[in-house]
Amino acid sequence: MLDKEGIAKRIAKEVKNGYYVNLGIGIPTLVANYIPKDLDVILQSENGLLGMGPFPFEGEEDPDLINAGKQTITTLPGSAFFDSAMSFGMIRARKVDLTILGAMEVSDTGDIANWKIPGKMVKGMGGAMDLVASAKNIIVAMQHVNKAGESKLLPKCTLPLTGVKCVKKIVTELAVLDVTDKGFRLLERAPGISVEQIKNATKGKLVVEGEIPEMKID
Amino acid sequence: MNKTVPGPEDAIKDIKDGMTLMLGGFGLCGIPENCITALVKKGVKGLTCISNNAGVDDFGIGLMLKQRQVKKMISSYVGENAEFERQLLSGELEVELIPQGTLATRCLASGYGMPAIFTPAGVGTEVAEGKEVRNFNGKEYLLEYAFDADFAIVKAWKGDTHGNLIYKETARNFNPMMAMGGKITIAEVEHLVPAGELDPDHIHTPGIYVHRIFQGKNYEKRIEQRTVRKK
Amino acid sequence: MLDKEGIAKRIAKEVKNGYYVNLGIGIPTLVANYIPKDLDVILQSENGLLGMGPFPFEGEEDPDLINAGKQTITTLPGSAFFDSAMSFGMIRARKVDLTILGAMEVSDTGDIANWKIPGKMVKGMGGAMDLVASAKNIIVAMQHVNKAGESKLLPKCTLPLTGVKCVKKIVTELAVLDVTDKGFRLLERAPGISVEQIKNATKGKLVVEGEIPEMKID
Amino acid sequence: MNKTVPGPEDAIKDIKDGMTLMLGGFGLCGIPENCITALVKKGVKGLTCISNNAGVDDFGIGLMLKQRQVKKMISSYVGENAEFERQLLSGELEVELIPQGTLATRCLASGYGMPAIFTPAGVGTEVAEGKEVRNFNGKEYLLEYAFDADFAIVKAWKGDTHGNLIYKETARNFNPMMAMGGKITIAEVEHLVPAGELDPDHIHTPGIYVHRIFQGKNYEKRIEQRTVRKK
């Protein structure tokens, strides 16, 4: 079973040379730490930055320089600032190659719910609805089951949706899955996890074809 | 074309109860601190505020919320503050949550004289309820309308007496679109310079969009999430 | 009867302190020369400049700095450059206070035709259709009659339209007229021109009420 | 993220007969001179060119017209050249004239992922023929579609290896929107610098929109209307 860092490490393998990538808050943010240094990858922050760098050194925080999670950050050579209209313009125009974000639920048709729990204080969708509606490639980083042990990979989301038919791939503590016309297609098992365990944890339609390899992360 | 006013009190003097304001900033970054302080002091009430966020309990729009000056927030992400939550749950405060890109583009539409725009954000979700859906090339989009704000209040890094503005780093965020989108636009700047000192190629918001400008004071520029690494 | 310079001089009196003004090609361009120096007025050039200055001194022409008529120009302190989307954005959003342009025909309901003559090579409308569709105040500078002696102030334009119900005021070699619900309303006569002459030269509905003063230009 | 190519021939190598190109510039100001020369040399034919103007007889897109490489021009103002007129009258060349602001905003729509926009330009004129008219707040607007261009070819003043671009003065014009609007965007620049040399606050076109960039050569920058005053 993977921990959060493990999920981030596995997702980092999906990042290709030359990609512009948007990372959501939570596990997706950790992905940045595992992108191989020899890849040329540029991070987009939807508040208005291309070329997000690491956190600043202590004492060098700049209040005018934050990411979409409102964290202090730095720039890198070749960075560019722009306004939020252009930022979501480039997102809508599918210039961002890969979007990685968290989810509360995903359906086997690729619907995603990650912004609202009825009865709880709703903080808002931020840029998530724009990102999922437009991204050409969305990977979801999430736990396979919730704290009550219930599957978060469902035939139909029970929570209010963020977007429909948009998720392409899911990486959980148990597995890597693609969303296909036939449902979730199991691609890889987490180290030590059996296909049976994944079947039991997946409530949505699951397609298991042939031998399912154990994922390689290092 | 001197648009300079002495300070925030003069800039906001004709903002009245019940008006709709656009307020620039993302989180606490690039917010019009001086004007917010002046609005709190003035005590104008029943405002509809279009702003990506709603500040925190003791800073930004949170200060206006504490005084119950806000009737309605139109934002993409709120709830960094407890008073906001209390007013919302008690029904004192109305909130319209809209996707961040939709918010930005509806401001842009106002500033570019476009009555409405199409965006796929929110299709198939509760955001789409009651909205027109239209299919272009096999993809569905929502029709979203331009905003109609009485005032836009923005913060820039530098500005000149003609109202030309330059923003700094990610403090740009919503400020340029809001500057364009208000019927009357007020800009507060950290550095006010005479016309001619800004490079015309570097200006983000041309002065035609700005009606009043003043040199702001005592910027706190509070950091919401101080994240650092060790040397 | 006014010459072109006279028409430009008279129109210059319509320019108020604090105005942003867009000047079309031809007579409107001449208006810039007669705006009183004590007025704070900023000229917009729709290719992407606010704060258009005079022509450059000989030898100081900059090929990257032209106006909408493709003429070499200069900037002034406080100028700003922007792209054409923003330029027409500010035009559509009615941030420009006054638009002055030429016309081939104007109707007594404020329609304007100034871009196309059937049978002749059509060069295009450029920015004229955008300007007339959005401007809050349009003044037309034109000749009252064409070379064949026919009125250009008509009940209905005969040429393809540039815009409908948009012209607010017309200054010709003979008169100043407002476009009202009742048709052209005569405001001023050119020096030495009688109301009768204006009536004869105006084919569209003309409203003449009370004494019509002779215009003052100096 | 090095997007540098050696020169215009490499940049345009996969532009094929019958493709749709956006070409930046207003008049002869800010046009991609090097790429136009390379397109003429390559002899690619049957092109649809989206460009505000069509150059003059012996410069700009006029050079491509002379070689009969252009099937259709989509412009707001043409006819500064005799060959253009000849081809148009003989039916060899097709022309779609659209208002300048509509042209600019349709490019912006492409770059901002908006399938269509509303503009009042052309309402009640022959430009509106066959188009959807819609009333917002008592005013009529035309629905105009985003462009679908295979390539955008733009000229900037400075650019870096990541494809970030800065334009100079009114040579900016249509270049930023077209840079955003093409499926593949080629930028030629007068000064190509390493990533990190441009101030991130001064960049007009972020590199994400640019796929290939090269240092241009021998810019003529011809002046169309040389107007001067005496000292």
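Here the chain labels run A, B, C and D in written order, and each chain numbers its own residues starting at 1.
Here, a residue touches a chain if its C-beta (ideal position, glycine included) is under 8 Å from a C-beta of that chain, and two chains touch if they have at least 3 such contacts.
Everything numeric in this text was worked out from a predicted model, so none of it was measured.
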| item | value |
| --- | --- |
| Mutual neighbours - chains that touch chain C and chain D alike | B |
| Between A-D and A-B, the pair joined by more C-beta contacts | A-B |
| Whole-Å separation of chain centres (CA-atom averages), chain A against chain B | 29 |
| Cα-centroid distance, chain B relative to chain C, in whole angstrom | 36 |
| Chain A and chain C: spacing of chain centres that average the CA atoms, whole Å | 56 |
| Chain A: positions in contact with at least two other chains | 49, 75, 81-82, 85, 88-89, 91-92, 134 |
| Residues of chain D engaged with two or more neighbouring chains | 105, 112-114, 119-120, 167-169, 172, 200-201 |
| Chain contact topology (line, ring, star, complete or other) | other |
| Pairs of chains in contact (touch as defined earlier), listed by label | A-B, A-D, B-C, B-D, C-D |
| Chain B - residues contacting chain D, complex | 105, 112-120, 136-137, 139, 141, 145, 166-169, 172, 200-202 |
| Contact footprint of chain D on chain C as seen in their complex | 45-49, 54-67, 69-73, 75, 81-85, 87-89, 91-92, 111, 121-130, 133-134, 160-165 |
| In the complex with chain C, residue positions of chain B that touch it | 1-2, 110-114, 160-162, 164, 180, 194-196, 200-201, 203, 206-209 |
| Chain D residues within the chain C interface of the complex | 26-30, 52, 75-80, 85, 88-89, 97, 99-105, 107-108, 119-127, 157, 167-177, 204, 221-231 |
| Parts of chain A lying in touch with chain D, wherever the complex brings them together | 18, 20, 40-42, 44, 49-51, 75-82, 85-86, 88-96, 134 |
